[in-house]
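One chain, chain A, appears in both complexes that follow, with chain B as partner in the first and chain C in the second.
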Partner chain A sequence: MTALDPTGDPAYRLFQQRFGALRRSRQTESALTVAAVILLFVVAAVWTDFSPEKMVNGIPRIGEYFGKLFSIEPKRGADPIAVLALPHLFGGVKEPQSIAYWFYRIGTYATLLWQTIEMAILATAIGFGAAFALSFPATRTFVGSRVIVFATRRLLEVMRTIPQVVLAFILVWPFGIGPLAGILAIAIHTTGALGKLFCELNENADLRPVDGIRSVGGSWLAQIRFAVVPQVLPGFLSYALLRFEINVRSSTIIGFVGAGGIGQELKRVIGFNIYEEVSAIVILILLIVAAIDLISEQIRHRFIGAAA
Partner chain B sequence: MNMDLAAERLRHPEVFRGKGWLRWLLLSAVVAYLGYLMWLFDFSRVFTDLPRVWVILRLMLDWNGIAEWDHVELWRSMLETVAMAYLGTMLAVVFAVPLGFLGARNVIPERVFHFITRRMFDGLRGLDQLIWALVFVRAMGLGPIAGIMAIAVAETGILAKLFAEAVENIDRRQVEGITSVGAGFIARLRFAVLPQVLPVMISQTLYSIESNSREATILGLVGAGGIGLRLSERIQINAWDQVAYVIVLILISVTLIDTTSRYLRLRLIGVIRT
Partner chain C sequence: MLQLFDLSRLFGDKRAVDRVSLSIGDGEMIGIIGRSGAGKSTLLRLINRLIDPSEGKIVFDGTDVTALHGKELRAWRARTAMIFQQFNLVNRLDVLTNVMCGRLYEIPAPRVLLKWFTPTERALAIQALERLGMADVAMNRADALSGGQQQRVAIARALMQRPKILLADEPIASLDPLNAKLVMDALADINRRDGITVLTNLHTLDTARTYCRRIIGMSAGRVVFDGAPEGLTERVLCEIYGQSDQEALDERLTSTSLPAAALAALAG
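Here is the complex of A and B:
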């Protein structure tokens, strides 16, 4: 085996030179990026009056707060004890440290949770209907007029960009405190978000059925109804179900601004420092969101996964 | 051409048959249920209270007092919101990178451990940022720090899960290649794993900054700093013109951040080269 010495080869030297140059430029680029990220971090920290020290100082207070969430004072002035304890776990409503004692207002919570889900159902349905209607005029391939397409698209964009909590806060003024404002806010946001997705599905729809319907004299509505809708509906429904999951989450928090559902109650108990109820409601929200996700996933897999 | 429709109907009954009564029953049940919900939530008020919406909209579009608004305060708060989103996301990245590696099945192939870490991420993720913000405001007081912490905590859950998935999806062959020439644990991580997961992590982080700047605009509504606080003040005193101005401010900022982040992400995956 002869050891080849490539260093004398001009081609090899050229390679070395270019490789070195590329490597150096990459390294400078990385170093600059890291420096920029750190610089931005410092600027942002100064701007918001944030320091790691403050965060570290805050951690004991957060720990204390979370500790209070999971402890109760059965008698006024007595030392707090853990919210649950094994010997009392399945005791009655009057027995401290039992599940029943912790969730003693389960009836109220259940009503509010059900209201929250109903809000999400109605908002998703309204949003689906509006997005369905608006997605066709917003699709370039179906509409000749550029003005209509542009206008509908901008409308959908505004609908989905305004934060829905802000929208709910504003709508509470004309429609009063209660679920109606929340439903409308979520429905408007849903319209914008679904409209965009529907539009993309429409653009990917096969145009040959449309030509077929047009060739036998079908109107624009007939073309949409008989050529496009059968193609896109499974996709639409799948997106709507996904959106329903998101809307359940949204409707749990939309109550913070007075727009109904469990959020309104959560805000109240946090405000009045009723600690054990805060943890109870939060646990229920986590459970219900997880349950809805599971159910909706099953439905999507079983019914729509096969069709789409 | 003159087609006899009645004859055709007789010849191909399946084409002309309706979609079946079951489907109609289901559809009318859905419609009835939605109608019930509308009745339950007092939907007629949408129409009776519509004049009040027009009042707000008219007030929103009247920007005659623009010279007297506190622009410095509003712009400061807007920048504060963006800074909160950036800080929160970056803190989340610091926590999420090690957690992501720990939660990846191919790094620690222990079923129980994997299950526990994943449920932990789910727990952090399952609660909305706004709930975290409300809790942190109670625990740490009003101000942006509560918002930063809320973003950091909620985002840690999201990013840790995504990072863990990125680590799980790496190509094993590169690791094997490096191992076959005698590389140790650190060298394997540096030359086989990192080059594969880093682009995913960076683009995911950029996306998170983008979505958190949206989310951070509402954190102020519960007292966690930023533009949301100004917005809620102005909604409460019915200064609708300024509310509209703040919303426009938010829309512009969010669009700017979206565009920058999209440009950076495209550059990252090599579509745009400078």
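Here is the complex of A and C:
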């Protein structure tokens, strides 16, 4: 006996009769989607001058720049040597190729880095407060008036869509060059970004406690304060810490437009082609950002643990 | 005296509550029975004004409750305490705070924001908890308690409101038989000792018979029976539960309560 061809099965034939056309139209649909994506990629590559040739030619030059970053000229016009060497590693400030020589301005950097972190702390705190307050009127399940929800949502949208650097640039005009403009710029963006995330947490909040507080005659404020905030606060704090990590990075970049902190110094040394100082600052920023990431991850896990 | 005049509530085209007229005297204990979807929950929520009626009027001691809004509406809700099937406590707050929430309608906004209660409020909350045998767990988080304990905390919150009327929406539907009895006994005690009117939705007929001297049967949003439990004949029950004649309604099948002997054994 030979095995029956399963495609000859009446059940399969019935399926083909009923759904064959549907299956074919779905296949056509996916084929068209793939084609469209490829087309978009090619068009984008042409428009943005993205050529593989240029990319391959450019790669060795990345190394070139890194070479400059990690070498010094001990005397004017002398041949560059590596920024560090083992025999001199722990030498004094005046001894080339020692850590102390490379980071001779560590005091200034530390002050500026601390300023940068303070900018991030302040901006995150202000943004958290504003996002906290705005997230409740922006949540559909809590607010009857569509106008209020719509208006608050659009406001949050505007706050997070304007690039921070542009905001800082605008704010440097009224508030002058310095950290204040940077703090406000980051705070505004933080409000928009956190506000949206907070809204989503609010929408997922259990509504039964809200009903409970409403049934005892609690005002809207009481419903939010007693039934919603206890539910969403751990999530809010977790998102705020994540945002703080992002804001430390942002506050270094924002210094480039004159908004204070280590970024302003980084821009200066890049402008003057002081390569070893560029590398020193970049390494410090990397270390600080990594340390903050680690610490805040620990704290966030504690929040999530408390929520469980 | 609570009076409902042709009270209706529409959800889309569906009449969840259909022209209900009732008169409820002070201090009565009333059980509302009916199939799920009969409009029992909607009726209680209409009385508490958690939802607004589409038509009709609610009048309490001559005041038109349906016309209330703002602060007066909140005061009305405070006077008609509500107990829910799922307890509706705030899980993340401790039991004491949950009970003190019962006084929220009269607490000014700054104190609400700071979650600040007075020693008097704390003492009242402890008294209410003590009455339900729950003072020991006052500092526990609400979600650390069993269902029966949570429902008793919810009753303490209701007591804290010093209500005129207590509305209980399937208060024992999520509880085991022993806890169900504790909760129903507490409601009966509140009715008897404090003279608070109790209106409770029940899904088991025998509980209604045991605890309520007046029973209201609802079907498809309308009141189809209103009277003493003795009046619940086979024919009336068929009208309420929509049972065909062949399937005789066996109360034991829908019962969640324990026989007296079993309860005595558990207590001993």
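Going forward, the second predicted complex is superposed on the first by the 241 of 308 C-alpha atoms of A that agree within 3 Å, B and C clash if a C-alpha of one lies under 4 Å from a C-alpha of the other, contacts with A are read in each partner's own complex, and residues count from 1 in each chain.
In the analysis below, a residue touches a chain if its C-beta (ideal position, glycine included) is under 8 Å from a C-beta of that chain, and two chains touch if they have at least 3 such contacts.
All figures in this text were calculated on a predicted structure; none of them were measured in a lab.
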Could you tell me if A:A290 is touching chain B, chain C, both of them or neither one (first, second, both, neither)?
-> first
After superposition on the shared chain, which partner residues are touched by A:I170: those of chain B (first), chain C (second), both, or neither?
-> first
State whether chain B or chain C is in contact with more residues of chain A in the superposed arrangement.
-> B
Using the touch definition from the top, say if A:F272 reaches chain B (first), chain C (second), both or neither.
-> neither
Once the structures are superposed on A, label A:F90 by its partner contacts, choosing first (chain B), second (chain C), both or neither.
-> neither
Once the structures are superposed on A, label A:L40 by its partner contacts, choosing first (chain B), second (chain C), both or neither.
-> first
Report for A:T252: first if it touches chain B alone, second if chain C alone, otherwise both or neither.
-> first
Partner chain(s) touched by A:R214 [first = chain B, second = chain C, both, neither] = second
In the superposed arrangement, does A:R225 touch chain B (first), chain C (second), both or neither?
-> second
Where on chain A do the contacts from chain B and from chain C line up?
-> none
Which positions of chain C touch chain A when the two form their complex?
-> 48, 50, 74-78, 81-82, 84, 86-93, 97, 101-105, 107, 109, 112-113, 115, 154, 157, 161
Touching chain A in the complex, chain B uses residues 34, 37-38, 40-43, 45-46, 49-50, 52-53, 55-56, 79-80, 82-84, 86-87, 90, 122-123, 126-128, 130-131, 134-136, 138-140, 143-145, 148-149, 214-215, 217-218, 221-222, 225, 228, 231-232, 235, 238, 243, 247, 250-251, 254-255
Contact set on chain A toward chain C in their complex | 206, 208-209, 211-219, 221-222, 225-227, 230-231
Interface with chain B, chain A side, in the complex: residues 37, 40-41, 43-45, 47-50, 54-55, 58, 61-62, 64-66, 118-119, 121-122, 125, 158, 161-163, 165-166, 169-171, 173-176, 178-180, 183-184, 249, 252-253, 256-257, 266-267, 270, 273, 278, 282, 285-286, 289-290
